[in-house]
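The data blocks that follow each hold one structure.
There are two complexes below, and they share chain A, which is joined by chain B in the first and by chain C in the second.
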Partner chain A sequence: MIQILVRYCTLFVLTLLVLAIISFSLAYLFPGDTLENLTGLVPENDIQRAALERQFKLDQSYIFQFFYYVGNLLTGDWGYSFTSGLPLREEVGIAMPATIELATYAMLMALFVGVPLGYYAGIRCYSTSDHLINSVSITTYSFPVFWFALLLILIFSLQLDAAPMSGRISLLYDIEPVTGFILIDILLSDIENKSLAFKDALSHIALPTFSIGAIATASMIRVTRRSVIDVKHRPYIAAALSRGLSSWQIFFRHILRNALLPILPLMAIQITTLITNAMIVETLFSWPGIGNWLIQAIYQRDYPALRIGMMAVSFVVITLTILIDLFNRMIDPSREKYERATV
Partner chain B sequence: MSHSLVKRLSLCLCTALLVASCAKQNKQAFYNTGIIYCSESNPVTFNPQLDTSSTTSDASSHQLYDRLLDFDPESGRIVPSLASSWLVSNDGLTYAFQLRKDVSFHSTRYFEPTRNFNADDVIFSIDRWRLNSHPYHYVSGGRYPYFESIGLAQNIESVERINGYRVEITLKHRDSSFLANLATDFAVILSEEYATQLANAGTPSKIDELPIGTGPFKFDSYRKDHFIKYLKHENYWRTELLTENANITRDIENIETNAKSENSSEAIADGLSKKTDGHVVEQLIFDITPRSSLRLAKLMTGECDATAFPAQTELEVIRARDDLTLAEKPGLNVGFWAFNTQRPPFDNPDVRRALAVAIDKNTLLEAVYFDSATRAKTLLPAASWAFQNDADDTAYNPVLARKLLADAGIKPGFSMTIWAMPVERSYNPNATKMAELIQRYLNDVGVEATIVSYDWTTFRRHLQEGLHDSVLIGWSADNGDPDNFYRPLLSCGAIPSGTNRAMWCNEDYDRLLNSALQTDDIEARTALYRQVNRLLYERLPLVPIAHAYRYQAYRDELEGMTINPYGGVRFGGVEKTL
Partner chain C sequence: MPQFSLYDEEFHPSPWQRTWASFKASHISMLGLIMLALFVVCAVFAPLITPYDAVEQNIDGLLIPPSWVTNGSISHLFGTDALGRDLFTRIIYGCRITLGSAFITVVLAMLVGVSLGTFAGMLRGVRSSIANHLLDALMAIPTLLIAIIIVAILGTGLVNSMWAITLALIPQFVHHTRSFVRAEMKKEYIVASKLDGASKWQLFVHSILPNMTEMLVVQSTLALSIAVIDISALGFLNLGAQSPLPELGVILADGLDVAYLAPWNVAVPGMAIFFMVLSINIVGDGLRSALRKRVSH
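Coming up: the complex of A and B.
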């Protein structure tokens, strides 16, 4: 086990190093001034420029520059945004949790709706209810997420006036960000209209969560269903049947856990899709997350923001993927025969 | 048994309903305490002295600050604001302002005022843009575009304190538009005490980032691209004035119960009783939403209570909805077609007249403005006091156009350029389309027109260099004074500063404009501007096309919203009832 942990750690560190190299080289590859791309600071005169170049080791070799850059990344000194002039760490610190919050709720929706439905469809495979679930899920799965989100806005926000269409919460509420998850922050805050604020935040979160969640749920249903059907045709199920176990007993003792194993690694793939989808949906719902933030940065040619944004998003995705992979390995020791760790 | 169950159930239901209705009331009460305005962009600064863009003045001028004087949004007359009265000397050079007492500045987490507004604040605010030697002049860049463009600083001899509540401003030359300039969005009054405090702390530039003023709202927080948040100014002087007046009215009513109260005092008392109902606006929020369609959508879902600049194509959608109000007023702007009068053959007034009568302005109005504009006869829109209703106007007459062209020796097939500005402005929402229409009209009279466009910066640079034959452009004024239209657009002095697109210089015209500034008599000035209009009609350096309306869309829950043709949006005194 320790060996595996070490292996994962090396993989993790190496991948991040590669990412750091790429993001560092972006400062040179982006058009414009390297110093400005790297720091987000625009020197007013030559003296200032020289001082900054010295500070960021730009007068030394690339290796030195790079190590200084990595040091800065680690200490949280990520530079400044061109457009807002704020420290990028602060900006990412606000935007990133918003995206993760959205993705988390969508994931929870996929888990609590998709998995049970998938089990149900798998058990009752080729019945009418299975066909129904299957066809709904394949239809939902085929929706492009942005189109689906637009449809939801059109119906629920503009026609029915049932849910707001932009932001995380009405701007009238003043919620101090503690965890970055708006629902938790409301509960932690000491504002007067807590329950009102909570309701307001829920109504804001409903549509974006649903638009990402529906697609994640659909794919979860399909994966679970497939896995349950596979397990159902295993010899040990036939053996259990011949032993005279009831179908409930077979389900709880044999199918439930065995069908879950192949689903977990697929969840890891889901997470990247989820975060990508969250980033797309954010721009439609003006959700102040990292996707929206990156789009703004692209529009405004905010190179330092793009550099750090790419770094931050890849960091989250890689961390989550590796963690889930590690988790899979822990609960499914049979996978140990694969020697190499994977991302 | 079953009976008691029913009883219990109904009791439960009643409680639930009660709770729900309470919650609803609570909810309404809370949402009534804040107004959300969807604004179109980020303000450059929170000090309108430093920037002329309407985004900046919307976000600061009428929300955070007051001016010495104001424009009445209805009549356009100059009315008292921080100056309760003023006296102009006989020679028109000295203006004495009596200042209002008991006007308090915002007290916020970053500044706690120890004194009320007085003469020092006025002197500080004016001297900041007026004097290069002022310690605050070069803080935040040292450019004061509005005051620079009208050359006001050069014309002020001195700003003196007579006593704590009396200020005297002496001019070098008479300027009858001086009071109007003090009432514009840009002539705000800052706090001298705050400035001194910041200077002592070594952070003078904070004065424009964390603003302090006397306006109805005080600054709370700003996140670029997201929102600006303001809180109610508890001791806003206008509110207190209203309360006092109402109290006096009540006292009078108590004493003379039989006496009929005047309509105005009734209205004030009404307004006051409405205020005590609890719909007090505690906060104002600018939700920064650059996309016009998104602003409209937010307005429809109720996420915004009011929006800035609805697009021309969206107006019908707003009109069609019962819960939205579209306020419109003729704006202080003019869209025109200017000829480069320094290039032959456009130096010949007859050629210009020929081209002017070759086009049908009404068609242009319909096709380009979708009827959201009025036909312009002169440079001045109807919102200006010097507007001349019976001014001469060119009429569509292609036969006359052909004749004039032939008389001037212009052969059929003559080619010229029409420059169409590349950006949308309210005075011309689609210059390219207008250019295409004009191209067709000119074709009918035998003139080949080519449409030229560059990106906005290059476009303006080339215009200033005079590379155009004719150009479709316009002008938005900052106050209702006619001088704000005539001088920058066509005076000789405006050629180098790049606002005289016709490159037209006429001594008679300049003389008339200058003499109009020498008198404060409205009648005399109006008469002079009539002469100016006549001169322009005869010489036609440009063809005025349209005065576009100004639009403001808001939800019916807002009460007291007025559209202000003289500058930015104002939320002081607006209430919300869901």
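Coming up: the complex of A and C.
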């Protein structure tokens, strides 16, 4: 157990180190002058340039610069955005929870809709209802997420006028960000019409969540179904059948938990797709998340923001992936390290 | 009188023939294959099929509705866009660019991924542990993030977005190859070849690779559908292919400006991407279940 923990910790630190190296070298890889890319200032003369170089430690060796950069990352001095002039730490601190909120709800949707449907389809495999569920899920899975979101906007926002098109909450409500999750923040805040604000935030969050969640759900259904079918053909199910257990008993005692095992590591892969989709959908719904922020940053060529944004997003994704992997190892120590479910 | 010959009449289908037979048995898979073939034909013979040039503008015919609408015209099957370019032509060329670049991307990713994966799969000890864990962790970086970084370094363009997507697809191939090679290295026929004195390279080329082709085909259909979606997504976000180039995501983004006036400019390219991805997914699914059936019987 301790060995596994140590192993995962070293892995985590190593990966972060690799990421930090990549992120550090980006400043030199971006086109243009390194000093200008880092500071956003154009030095007027050589004296000013030398002063700035000294201030940003550019006159030192690369290795010293790298450790300086890592030190800055750890102490929270992440630099300033070119475009807004605000500290990047603040901006990421606002944008990141918004994306995580969106992705969390989509993941919950995938878990609470996708997994039961997948179980149902897997139990009834090769029947009409299974074929129906399977074809719906493969169709949904094939939707390009940006077009799906556009269709939702077209139908629900423009035609039916049922949900707002953009933003997180109506400007009428002033919510103090505490956790960064808008729904929780509303519950924590002490404004008068809390329920109205909550309803408003829900209507804002519904469409983006649904557009990401539908695709995640579809792939969850396919994975769960495959896993259930695989478990159904195992010898221990045949043994249970021959002992005379009813199909319900077999399902609850043997299939339910065993089929869940290969799904967990797949969730780790899902997170990547989920975050990518969330980033694309954010730009369509003007959701103030990290994806929208990064894409604005690339349009403006805001290099410090890109550098930090890359670090922040991959930090979150890798932390989650490693945590899920670790959890998976803990609940099932017998499994082969690299085994993963198939669709 | 013809002689009855037991041995001549018996027909032993090869593994691929058996796969094809069970693939053919599913009507949905065949439909998907026909759809995909249609897209491929459109992509290959685009200059012969299309009536106009993809970037040819016609200011006398802006935003003509598609031909099935009453005031549409049959000379523009899917209508025209805001610059009077024929949408049908652009979609056909779009299939060519999107599908073609996705295909190249997947082949590149497969070549690199398989070589890296084999390498990682044959490694032993601490080196293998470090290589594997790092690859696993780097697999977690989202495609869009890689694309954004590459665009920031190299600038926008179709080729740069292809590089980004290749980089994002490689880890999948590495992962699958690695676990396949690891599982295979433990089997007896590999041990037998080893005892015959086969080197690692010979083991890979003569024993593992032939067994791996099926896995690779299935993986590449999966990767192809991801690549199509990602290339068009990057085009749509203005980070990949740039505007006059008829790439499906770019056409969709162009159509978005006139979505109120001419909704077909958004609907048709979206449908094209959707059906392309759907057909690839159906073929991949059919192939997977055909292979599974063959292995289990």
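The rule is short, and it goes like this: the second predicted complex is superposed on the first by the 317 of 343 C-alpha atoms of A that agree within 3 Å, B and C clash if a C-alpha of one lies under 4 Å from a C-alpha of the other, contacts with A are read in each partner's own complex, and residues count from 1 in each chain.
Definition applied: a contact is a pair of C-beta atoms (placed from the backbone, for glycine too) under 8 Å apart; a residue touches a chain by one contact, two chains touch by 3 or more.
The model shown is predicted, which means the values in this text are computed figures rather than measured ones.
With the two structures aligned on chain A, chain B fits next to chain C without clashing. Within the superposed three-chain model, A:276 lies in touch with chain C and out of touch with chain B [touch as defined at top]. Counting the residues of chain A that each partner touches, chain B and chain C differ, and the larger count belongs to C. Legend: residue contacts after superposition of the two complexes on their common chain; A:83 is shown touching chain B, with no touch to chain C. By the touch criterion defined above, A:258 lies against neither chain B nor chain C after alignment on the C-alpha atoms of chain A. Of the two partner chains, chain C is the only one touched by A:317; chain B is not. Once the two complexes are overlaid on the shared chain, A:164 sits against chain B while remaining clear of chain C.
Contact with neither chain B nor chain C is seen for A:72 once the two complexes are overlaid on the shared chain. In the superposition on chain A, A:146 makes contact with chain C only, while chain B stays out of contact range.
In the superposed model, A:303 makes contact with chain C only, not with chain B. Minimum Cα-Cα distance between chain B and chain C in the superposed model: 6 Å. On chain A, the surface touched by chain B in one complex and the surface touched by chain C in the other have no residue in common. Chain A contributes residues 83-84, 86, 153, 157-158, 161, 164-167, 170-172, 174, 193, 195-196, 286, 288, 296 to its touches with chain B in the complex.
Residue ranges on chain A touching chain C, taken from their complex, read 11, 14-15, 18, 26, 29-31, 135, 138-139, 141-147, 150-151, 154, 268-269, 271-273, 275-276, 279-280, 283, 291, 294-295, 298-299, 301, 303, 306, 310, 313-314, 317-318, 321-322, 325, 338-340, 342-343.
Of all residues in chain C, those touching chain A in their complex are 28, 130, 132-134, 136-145, 148-149, 151-153, 155, 175, 178-179, 182, 222, 225, 229, 232-233, 236-239, 249, 252, 256, 259, 263, 266, 270, 273-274, 277-278, 281-282, 285, 288.
Partner chain A is touched in their complex by these residues of chain B: 23, 26-27, 30-31, 33-34, 36, 224-227, 229, 283, 285, 287, 289, 294, 297-298, 300-303.
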